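To start, the structure under review is shown below, and the notes come after it.
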Amino acid sequence: MIEFQNVCIRAGDFQLNDVSFEVGSGEYAVLMGRTGRGKTTILESLCGLRRVQSGKIMIRGMDVTHWSPADREIGYVPQDLALFPTFSVAEHLQFALRLRRFHTTQIEHRVSELAEMLGITHLLKRQIEGLSGGESQRVALGRALSFRPTVLLLDEPLSALDAETREEIQTLLRTLTDNTGVTTLHITHNAAEATALADRRFHIVDGQVIEKSESQTQEAEELDSPTG
Amino acid sequence: MNKMLVVMLGSIVALGAMIWMLQSGSQRGNSTNTAGGDPTEPLMFFCAASNRAVMEKIVADYTEEYGREIELQYGGSQTLLSQLEVTGTGDLYLPADDSYLKIAKDKNLVSEMLPIAKMEVVVAVRKGNPKSIQTLDDLLREDVKLVQANPDATAVGKVTRRMLTESGQWDALDKGTTAYRTTVTEAANDLLVGAADAAIVYDAVLHTYPDLEFITLPEFAAGTSLVALGVTQQTRQPSAALHFARYVTARDRGLANYAEHGFQVEKGDVWSETPELNLFAGSMLRPAIEDTVKQFEKREGVRVNTVYNGCGILVAQMKAGQVPDAYFACDTEFMEQVPDLFPEPTDVSQNELVIIVKKGNPRQIAGLRDLTKEGLRVGIGHEKQCAMGWVTQNTFREGGVQQEVMENVTVQTPTGDMLVNQMRAGSLDAAVVYLSNTAGSGEFLDAVRIQGLDCSVATQPYAITPDSPNALTASRLFQQICSTDSQDSFTAEGFRWKLDTEPSADNE
Amino acid sequence: MSEPTPNRTAETKTKLKRRRSDLPFFLVMSGISSCFILLIVLLLAADLMFTSFEDFRAAVMKPEIQSAFRLTILSCTIAALLSIWVATPLGYLLSRYRFPGRLLIDTIVDIPIVLPPLVLGLSLLILFHLPIGGWELEAWLRDDIGFPVTYRWPAVILAQFSVSCAFAVRTMRVTFDQINPRAEDVARTLGCTRGQAFLQIALPQSWRGMIAATTIAWARALGEFGPILVFAGATRMRTEVLSTTVFLELSIGQLNAAVAVSLLMVVMAVVVLVVLRVLGTGLTS
């Protein structure tokens, strides 16, 4: 469903060459690697926020390499969440739907549906200032999923959370993706998350994306990160 | 998002409203029409800020009396000059002193300069002269803080430096000067706030400073400047601009205001809406100055009544009491006959006598001597009636042929034109006239030059009656007569231009 | 292993002693700051003592001053609004996008700030009167469009705008630099065009910056004098603004009137600054 074909991307100092991989429809893929190796870059090019030098990016079989981000129907949750400071929680959930000119009643329905799924109904009227880490994470997820995207991209969604909240969100992620069937690409450097969530595992090694099995992932993790 | 739209729209509405307010405000300002209801284009007047107090009153009076609006632009003299140069607009320019007008004239920005008042270089002190400053040495005292206006940027500074450099006292004064200010008013302001005890300024600047007084020093006696109003070259309304300029420099209008404000005003003309200038001119000058005078009338919006006649006749009229504003004589002899009327004439041009004969010179006249030939009918100018006649007699006498030629003289006329006509009619064989009289008659006359006799050349002087109520206007007419176009006129008519330099405004 | 040293004993006895105070810090900081505050206050006090209430009232009553006051308020506000309208998109472009010539544009925008004011005024004058093969901007505007600029009120606004916009662009650029561009990126993935992302996400976050930019622009326009004098002239009742009034009064030695008008300008400035500050905090609360 997501397919990278010989994609070359230049990002700052380094270069990703001949990145080729594919993630099937509905699969939960985890992308791992040391920080600064290009994981975010890959997400950004998938979104359309970064230009690729060569190669093709396919979503649902369509060549979207030159499409604008708005047309790609991708839900993106960046590492710093990038919530809209002047919007209320409800407005976050409504945003994508308003853009697509849904009817007010339809929007209300969807928003309450999402809020329930994410457990943030009690937060709808609040401004985002002062929300806890977990609450913000849920809002970001809700925003990304509001318009039922084909693809969901998560950039280190759990790294800023405490252990307990991490568990909660992890479960939430699993539930959400199972229920909606959205193809997910999840970036992390934590092997445990991969174990909990991943259907497929990819690693960035020397500017290339390589798929690994579960055991290979464990090995790689031990070699890569001294703390594990 | 809605809030944003509201603010954006609101700001556009506010913007529109304010622009409308400004536009309607300025329309109201623009529509001050003349009493007759027809809007005249206002005159644009670049005025030095230091003249503001007195000029505003004059402009108000003028607008009330004549309904024409004057747009006043204030600024520093140099800045105003730059604006004149860059924009190519502007009808009048009044700088702080006339050195700027000279610069403007060199740049061909200003054509007429009308004098207003004299300014002297003085030392300003606070009222009561607390530091008892009496002499130049007092200025150099330790306890006296002296400020001056910058000698490179201001006229008063320039004048002071020039004066004192000549007398060798500049260096001492320079050392004793605490500070140099960029304008003369800044120097005066320093005195007011107490930052200085003495300032070298123009006396005119101090008329708006009631708390200051001034002392004059003998060392500064040579330092005078003129406040003068310039009319621009590029003005699209020369008569209107000159009308106003004359108003400002009229002794019973603008100059009265200046005098009230403590200026040492110049004499000035008497105000008249359409002044009538009376000019007496020798008739031979007519072809040379006629067009110039017409152009002058047109540009200034004045009337010049020119009386052309033989100078002898003109002098008789003057002696009988008909005194013109200006007199342009055919020869200095006839100017010297009325010395009390015209104390300071200026020699303008020269015209030589020639002998005119029928084309082809059938009687073969080659010089004066040939005029004594038997049976020749010779015509000359009347000795008493015109300069030409008098010069002719001198020439005959010097040439030693007076008695013999006089025997051949059949007619003596008051003007050379009459002789030319008689030559054409055939009633004369030869005549002695001015070279200028022969202009245009080349088809049927030949001219024979009279060699070697200086007195055969007449010199034409111009003079203005000092008491004339239109003295300034007459002097502007003179400047017009001295313009290059006019000089060309003279030369084309056969005159030789004598006056070397461009005469200055103090040629009254 | 206890080898009691005198220090140690003293230490164990007096562990919780207040040794350091923050007082020196506050003294030094406020000392330095108050020098500047004091200077401004003294300047104002000196002005106040120089003039009297009668002078002030006499000056304010004059119709020319009132006309100048009206023109000042209108022109400064118009110039500030126009500045904000131009500075916001320009600041956004300079902040978000790397385009060829960006450095050049950046430098050009700063030129009015660095130029001496009289140079700016003269340049404006020359621009409007430069003959380009027989065609002149000012003549065309005046004759064909019926909208003369030089020596009229549009010249005042143009002169003010030239400088205040430069300041406004700087402020808006810094404002947008501080707004997380990721939010706009996310907005685009959610379906926004760049324009929508700008209008709906970036702009609302830049309120404070816009207020600050408007304040700076307004203040700069109020203080502008040199370019106005050269380009718009100082005609009473037509292009005289309060800053040129002070110059005109000074140039004939009317210090009292000059100071009175200066104080009027101070009052004006204070009022506007306070209003804008209240607006700024009010909007973001």
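Before moving on, here are some points about what is shown:
Letters A, B and C mark the chains in the order given here, with residues in each chain numbered from 1 onward.
By definition in this document, contacts are C-beta pairs under 8 Å (C-beta built on N, C-alpha and C of every residue); 3 or more make two chains touch, one makes a residue touch a chain.
This is a predicted model, so every value here is computed, not measured.
Two chains share more touching C-beta pairs than any other pair, namely B-C. Ranked by distance of CA centroids from subunit B, the top chain is A. As a whole-number value, the distance joining the C-alpha centres of subunit A and subunit C reads 44 Å. Once the centre of each chain is set as its mean CA position, subunit A and subunit B turn out to be 89 Å apart. Subunit B and subunit C have Cα centroids lying 50 Å from one another.
Subunit B has no residue in contact with two or more other chains. Residues of subunit C found to touch two or more other chains are 204. Counting only residues that touch two or more partner chains, subunit A has none. Subunit A makes touch with subunit C in their complex at residues 47-49, 68-70, 72, 74-76, 78, 80, 82-86, 95-96, 99-100, 143-144, 146-147.
Across the complex, subunit A is touched by residues 180, 182-183, 185-193, 196, 201, 204-205 of subunit C. Chain contact summary for the complex, subunit B toward subunit C: residues 1, 3-4, 11, 14-15, 18-19, 21-22, 25-26, 29, 44, 49-50, 52-53, 56, 71-76, 79, 82-83, 86-89, 183, 185, 188-189, 192-193, 205, 208-209.
Residues of subunit C touching subunit B in their complex: 70-71, 74-75, 77-78, 81-82, 84-85, 118, 122, 125-126, 128-129, 138, 150-153, 199-200, 203-204, 229-230, 233-238, 247-248, 250-255.
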